[in-house]
Amino acid sequence: MAFLALDHVNKRFGDHIAVEDFTLSVKKGEFISLLGPSGCGKTTTLQMIAGFVDPTAGSIHLEGRDLLSTKPAQRGLGIVFQSYALFPHMTASENIAFGLEMRGIARAEREGKVRDALAMVGLDGYGDRYPRRMSGGQQQRVALARALVIKPDVLLLDEPLSNLDAKLREDMQIELRQIQRNLGTTTVLVTHDQTEAMALSDRIVVMSKGRIEQIGTPQETYERPASAFVSQFLGKTNEFPAEIRLSDGAQKLIFGSCEWQAPAGPSGPVTVTVRPEKVGFASPKSDSLKGRVVSRIFQGNHWLFQCETECGPAIVVRQNNGEPQPEEGETVSLIWRKDDMGLRRAGESR
Amino acid sequence: MSAAAPARYPVPWKLLLPALMLFIAVVLIPLAMTIMLSFHKWGQYTGIEPVFILENWREIWSDSYFHEMFLRTFRIAVAATLLTAICGAPEAYILNRMRAPWKGIFLLIILGPLLISVVARTLGWALLFGGQNGIANKALMSIGLIDTPIPFMFTETGVIIALAHVMMPFMVLSVWAALQRVDPQIENAAMSLGAGPLTIIRRIILPQIMPGILSGGIIVFSLCASAFATPAIIGGRRLKVAATLAYDEFLNTLNWPLGAAVAVLLLMAIVLIVVSSNALIERRYAEAFR
Amino acid sequence: MSKNGPVALIFHTLFVIFMLAPIVVVCLVAFTPEGFLSLPVNGFSLRWFRAIASYPEFINAFWVSLWLGAASSLIALFFAIPAALAIARYQFPGRDALSALFLSPLMIPHVVLGIAFLRFFTQAGIGGTFTALIIAHVILVFPFALRLTLAAATGMNRSVEMAAISLGAGSWTLFRRVTLPLILPGVVSGWALAFIQSFDEVTMTIFLAAPGTETLPVRMFLYVQDNIDPLVTSVSACVIAITMAALILLDRIYGLDRVLAGHSDRSR
């Protein structure tokens, strides 16, 4: 049974449709990411769960009880805001204690819980500091502790790491994941950063223009993107125009000078998609894509090639494993395993 | 979408109602009563009679004494406004180019008087102007700027100078605000294109701070046109302006309806001028300065 | 930052002299040892400051002004804070008209306000009372209280409040524990600016004050109308000193530029 269930949720602001027909069920303890570019409706969805925005239609249930008829103050959700939203006039301890105080927990018990919460996020001894005297990462931890100390049914994270620099963001990702695993708190993260979503989540909800594009595990959404949008948003991808047609009595996939065995399905134009790291260089053969290396960029642990092929531009990523790599201007043949390739019928790229 | 306004707050009417009731009861009703008052009849022995007549308005319309008085009021206001613009705008520009500690110190010195009682400031001018051998005349004569003392006290010149001083901070503040929106690199850009200092001021800076000068001018004008304490002290009993005349009608002659008519006319004139010039400025500068 | 040339500095010096001259003159004359208006060329004396003590009208007027300013500014805040929160946060029809109404005391000439209040309070039977003065001054200072509170409320990070709500704070707790503390600098400065406005106001108040409820500026004005002597300069010097002290305090709490910025948009 679903722990947190959003059922056909819609939100309109005047004529603008912010969220359309959003249905999602979250299991207890699950870490879900809402991933998409800005304006895709992910934050609005989060705010509807939090209660700061009322849906135009649809329902939201938490453990079977109707969340929409509950005031935001009584929903019992922990929220970490993008700006952290710490109370600037209260110390770290007072910030963390605020939610406990609202629940009428006695001072002595409060103090213990606050101490534990500070320890959990690695801020022992910082309790008496005011937020403005803390670094971004420390403020982030206080915000997390403040949200978690009330033992929320669901933890909502609104782009919590976007204000941190790259190195700190990676550390916080690991730490956040660990804390979430230990506590088993059901978590909904809103982010526009696909690596963050993939690193943290059990499942990712990819959104675009207010609609859900795909729901799946990080591997599923990356390896088998349900739409052009998903495949492009989750990392770089190559796309080649192709056609499936009957040739010599068999269905063939034809692109460039290649003629491959086609999977079952009707004839017609299709798009071949393949991730850059799945493409390899081969000696010229008849069933590979012919091209030329336009530029070669060294990026430490890998090489990035931009090629011009008979089917248009292509990107190839090769591990820097010591093997010789083609030079700029060299004629090459691109090849990949059939399993790594995706086929999309033309016109179905919503 | 984080800008989406949270909807789960109590209706704003609950928050607005106290202030709204207060303003209806103690601003709108008294103003309406004053307008009514201007149509009432007044007699030396009968006092105010609550009838609807146009006598007060007709008197202001036909009596040249009132024409002269309103003309003087607006003449003084225009002159004082020009004086503040001519002195205040360059000063704001100079101030903006100063270095860190001096900038703040001089801003405080120039804007601070805004908060000092108008009576105290005008008293200072009365002391400076005071009679034939006032300090101002002595100073001007000693540096050879004038040969004979200028009569400041009880003259329009004196009122204009004192009013310009009283209102100057508003102009400096308004131009200062406009200057804060000017890109500090823009002068260097103009210089790199070969513009001299005067060209930069005339072609680059002035057009950008013009809205500030104009909106400052509106503020200063409306305050000057309705000024009371300064014209009363420097102008004396004979040099009447609209505000001092209304005061006389109310507290000396006790002809309240006539005083109310003068006040209502003053209010209407100022509102008309302020609103229409605001609209003009906004139309003129709407596109360029958003 | 580019430097000012010599012409600019001469202009600046003359300008500053122009701005300070009347204020400095008042303060200097206040220290004269003579019995008539003159600069203290033959030494300084405090005789005219001591003389204030024997004029109870000035002392009384000072207390009236002090209480009037303090009370009316405080009362104005009670009305202004909720209104500012509503205007800062909600888009509703008539919002602009309402803010225009609330700021209208800035645009209405004080002489008109004085006349309107005189008529109104006389009809209401409370003409010349301290209560009438307070009500009038609440209206007078309301725009200043509103502006600074509004600026503070607009500049506030809304997600801080959402955080408090998500942690279980009800609306009163939210206001008392989070919203009010966060807008407090604006509220305090609004009070202080309102106080100064009330303390200095003469044009409107002169219509409403009766003997016994005369404020200090009104008393000073009426005194100057009769004759100008060193006594009124020493009183003025005291007023200037008090204002300066308030000014410096205000600068420390909130930053004077921000306070005065709330002062300038009079015509809107």
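Here the chain labels run A, B and C in written order, and each chain numbers its own residues starting at 1.
One rule holds in what follows: a residue touches a chain if its C-beta (ideal position, glycine included) is under 8 Å from a C-beta of that chain, and two chains touch if they have at least 3 such contacts.
Remember, it's a predicted structure, so these values are computed and weren't measured experimentally.
Across every pairing of chains, the maximum count of C-beta contacts belongs to B-C. Averaging C-alpha coordinates per chain and comparing to subunit A, the farthest chain turns out to be B.
With centres taken as mean CA coordinates, the chain nearest to the overall protein centre is C. In terms of their C-alpha centroids, the spacing between subunit A and subunit C amounts to 55 Å. One inter-chain figure worth recording: subunit A and subunit B are separated by 59 Å, centre to centre, where each centre is the mean of the chain's CA atoms. Distance from the subunit B centre to the subunit C centre is 17 Å, each centre being the mean of its Cα atoms.
Multi-chain contact residues of subunit C (touching two or more other chains) are listed as 159, 162.
Under the contact definition stated at the top, the residues of subunit A that touch 2 or more other chains are 51-52, 72, 82.
Subunit B has residues 2, 6 in contact with two or more other chains. The residues of subunit C lying in touch with subunit B in their complex are 1-5, 8-9, 11-12, 15-16, 18-26, 29, 37, 39, 78-80, 82-83, 85-87, 89-92, 98, 101-102, 104-105, 107-112, 115-120, 123, 135-136, 138-139, 142, 158-159, 162, 171, 196, 199-200, 202-203, 206-207, 216-217, 220-221, 224-225, 228, 232-233, 236, 239-240, 243-244, 246-247, 251, 256-257, 260-261, 263-264, 266-268. The part of subunit B that touches subunit C in the complex is made up of residues 2, 5-6, 9-10, 12, 14-16, 18-20, 22-23, 26-27, 29-31, 33-34, 37, 87, 90-91, 94-95, 97-99, 106-128, 130, 135, 162, 165, 168-170, 173-174, 177, 184, 187, 197, 215-216, 218-219, 222-223, 225-229, 232-233, 242-243, 246-247, 250-251, 256, 259-260, 263-264, 266-267, 270-271, 274, 278.
Of all the residues in subunit A, the ones that touch subunit C in their complex are 50-52, 72-79, 81-83, 85-89, 98-99, 102-103, 143, 146-147, 150.
Put simply, subunit C touches subunit A in their complex at residues 157, 159-160, 162-170, 173, 177-178, 181-182.
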